[in-house]
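Think of it as A, B, C and D in the order they're written, each chain with its own count starting at 1.
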């Protein structure tokens, strides 16, 4: 019997998810032993045309990482959906837009302006990337940037979600073990739509720091604090920690080493909008009553949307800035 | 923007003051524009910013949050939580390009039907001036992928 | 459960023409029946009066015969008839919390006039309510036991009446009075209108019975500091201010008062026109019969504060009791009481006429307030009942009584103080009877809507009292021309009946200052969890149908604290409040709305963010399991923690996220659009 | 403190002592006045009832010029009550009435001007002196306290009412000037007629009506034991002072109540000489009254220990608190 086929694809993302899979060490060998790796651009040379030539649903499972930012991303999402029995939104980008999703607060023009005419760019001719370039050697094409970043499940149906930026290697191993077990008939697939490789509570559940009632009178950035207490809750020390509103599963990696959680595992189960949960939670414990005094505390959060929606913007209720959305067809 | 634009406003009111202020406006036959549709909460402290985001994302042009006057909350001081959330929400919404007039916080006691009506009238006019928000709906994927996916090189060309 | 499995019945009420006159009821019914069919609406009906017995039976019948699992009644405000329709559901075997009301009368028909827009709004409200009710869950009312002990705050006539009624029924009453004696304002009056019986004669027996009643525990010179808990189970913290008197030893002989050498103006009981000692009785018939020492004027206390040594101590020296009753070192005490219900009868304050400087009060010697004149008329007052000018001797030959001072005036208080017309007529009668002076009343309208009140007005007219209809512009001691006599007070008024300006010279002006809420009524309201109207009076639960209860269950109002009223109305309201409390006590337990928050432990990470948000301290942290927990008995259901939980781990019954999200979607039905990616 | 200044016509002529005394004291109280260049008549009290739009436009021109010339301060002050009220009224009504605003600005546009209502803070001079300079700063400048001088503070009808921006403690019975007088060392008397009418232009149109009103004020001040009346308005000063003589003739009376501007009293307390302050130009000679303060201020006798009240003294006296 031939081995079931496995694919992994990298759309708009940094590549960290790919590294995280490799970081599972010998688990990759087990993967190879149980699957026929049919398509994995980061690991092997396969052309898109070869994927297009595959039979529909011939891939058992595809781990899709990266957001949908370009026409090419969208095309590959459709293609892989078609060729895969199980499509997994793998990592924060595919699930909720992640850091690339933050670009949704700006229009494409703003982004180009920043990238190609910003203070650190030398570009006196105001060159901009072109989608088609006719060179003497032939026509070069570059996939067009879409108006906003979308998540995989806003483009195609997704079977499972593995959150994290990147997903913890320990958790990836759990997911791979599950897949291998399913292939060998030792386990059944969880219900469609399930979140794999994560906990059911929030980061605080795993965070060892001691905690008390919260009364925020000042919010600081970490570099502004002279020192940090190593054992008490970071939020209580005035740091914006996203832990209370972020799905558990990472073993509270960041708070463990004194860095506040930035929310990469996304919203807790059943939550519609992670940013709104952070917003309401933080605002609720501001210990002031007068509007001016409240504002003074909130001034400690210079970029609320970027803070609360650092990872989940593209998947949030509003998804993007109004001007950027206005460019969508 | 056309003159006939009638904004749709979702109003979140508390059971003790602002919802009763709306009742009071009724009892005193205080007329105000019919653009606001009210939802009763027990307290403005129940106001979850998610409600506001959802209302705006689902087609409302504005959201009114109304509670008891500061210091007069039926639950002692929960309306201050609404105040804080509103201020943070406003800061966040600004980054999404949503004008502050679209999300108004108002205080009205059970006896202030006239004030409540005036708040709605003012807000309707302000939002009318801003024009429709018309937030694009969340994309939902089709259950099936089209059978004929074009070859990528053709898409790019 | 999905909407397909639910069977929703929608009922649209005409409310006579109240709703149907503006909203196209038929169209709303059609909308519900056709467009909301796929949402689970299996029948939609309209009816003239849904709240009528027939209307309710309609619902009951449909539940039984059509198998409705959810009910929506589009009618008036839920504050009026939610209970009615829930009752109908319950009778038909449907959990009452599976019914919802859509307010299309108060929120639509009564406030909008355009038929099309009003009908469209009514439809969206119905749609929102249908979506919401689909997410409703069957709930059971929460039962709480009622502590039979009752707190009455305020020892004026309204509070006395309430306390006596509850105590007579055999239940404990704690009666708290801020002043040193029971009696309130009524004790200051001489006669009461319209019968002119003496206030003391009818009040003091009540004070005495309250003072000696075995079931009434008196706390005078005391104030309520903190109230915690909820109906049936309040914990009240009372501050007892020091009297500097040993209450257990003092016999009330009065030697200390007699010997005290310090005489100060009594701004309280004597309203500023009489004197008292530094140690004093509030008044002769005070209950309890104990003096009180005022450390701000007592020579000993002033000396102790400024020169590190006391002085005088005459009271202590002459006190005949053993041990000595004078306790210079007495301190404030705090007492904690457990009660089931609270009656607030905190009364009123007099409008400060200095705020209208053109009337000269506080500046011109012979301009008096009505309360000052009450004391002047009183045989036990500073002038022994004689009507005299400021010099204490001269009888006035002409007296002007200015009505509506601070009342019915947009610059001060817009409301009618209700009692000042009758009080002014009474004072006019007494002044005329005692001094023979000419008496002029300057009024806007004379309001005498009580039993035998207008008869009294006619009597005063017959006695020769003058009535000038017009608002007084100015009271001045300066004559306008050489034709006017010096030494008089001139009342400048437009006589609107004669159509001319008048300047009437008098010797004495009496300002019928209106009633105002206590200066700290907002704070007191906050302590007891109730609110004040824009004018500062405590808000009753319903202006007509429940002028006794408040929005806070178990807290009732009586007397002028709720709004200006005369003695009979105060007594009636005091008794009514007592009856309401007795009804609760007899029921033994109360059913409360099952709107409560609860923590889903599996989702709670124990971040403790919610812990400080509850004003009732219902949220606690369980160290062993590292989760937060909500005490359902303490939770009042505001939902603040539900909205604040960052993990979405707190659920709110009755107002769940699912219900509210669904309602938002339903309300936005016609503007909501979902695009699909192609 | 800097302010734009609208002098108005009275201060140029009959109320010259008001202007002179103001100029004499402005350095002492650190008040820098920038006169509006090319100002015109305020329309006095009558024009508004003759033609509302024209009157507002006339005043609007002054406001527009002031707005145009404003550099460091948005405060526009006037010493004359009528000038002040007209400026304040036009500003307030233009703020409230969009139609009027448009009409006035249309008229102003013909002269190349425009006024944005609300852009200036229109304030009476007394308001600026009492509330911006402040009593403490004034008291600190006093070198010759007016001890022993009893003064009736007279505000007239136009300053405290209708009080568009809520600047006065009480409309019927204001106390700002009383407090100012106290800061100068004088003793303000308590009297009923602080904001009663002085007769205005009735002294010209219907003198008998004016005489009655003037007499009442002068009698009231006399009855209250005042040595002189302090005023803040050229019209009031003119009526009470110049027409006092006529009034005496009319009633066969012999009141001698001097009427000075509050700025003149400030000047005296600041040690300026009377001539510099325009004192001496008044009809009713202020010299006898001012003689009280020429001498060394009488030593205030050590207050005798207050006698304990006895009920036989009559009822306790009335109090303002």
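Assume a contact is a pair of C-beta atoms (placed from the backbone, for glycine too) under 8 Å apart; a residue touches a chain by one contact, two chains touch by 3 or more.
Predicted model, so just to flag it, every value in this text is computed and none were measured.
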*More C-beta contacts across A-B or across C-D?*
A-B
*Round to the nearest whole Å and give the separation of the Cα centres of chain A and chain B.*
29
*Per the centroid of Cα atoms for each chain, what is the distance between chain A and chain D, given in Å?*
72
*Please work out the Cα centroid separation of chain B and chain D, and write it as a whole number of Å.*
52
_Cα-centroid distance, chain C relative to chain D, in whole angstrom_ = 46
*Can you list the residues of chain C that touch 2 or more other chains?*
613, 640, 643-644, 657, 661, 677
*So which bits of chain D are touching at least two other chains?*
none
*For chain B, residues that touch 2 or more chains besides their own*: 48, 50, 54, 77, 81, 85, 136, 138-142, 146
_Which pairs of chains touch, using the document's own definition_ = A-B, A-C, B-C, C-D
*Contacting residues of chain C [partner chain A, same complex]*: 602-609, 611-613, 626, 640, 643-649, 657, 661, 677
*Flag every residue of chain D that touches chain C in the complex, lowest number first.*
170, 172-173, 190-193, 212, 215-216, 219-220, 223, 251, 253, 308-321
*Touching chain D in the complex: which residues of chain C?*
261-263, 265, 272-275, 354, 356-358, 360-365, 367, 382-383, 388, 390-393, 474-482, 486
*Residue ranges of chain C touching chain B (in the complex, touch as defined)*: 77-79, 103, 105-108, 110-114, 117-118, 120-121, 124-125, 128, 522, 525-526, 529, 531-534, 539, 551-552, 595, 613, 615, 636-640, 642-644, 652, 654-655, 657, 660-661, 663-665, 667-668, 671-678
*Can you name the residues of chain B that touch chain A in the complex?*
48-50, 53-54, 56-57, 70, 77, 80-81, 83-85, 87-89, 91-92, 95-98, 133, 135-136, 138-143, 145-146, 149-153, 155-157
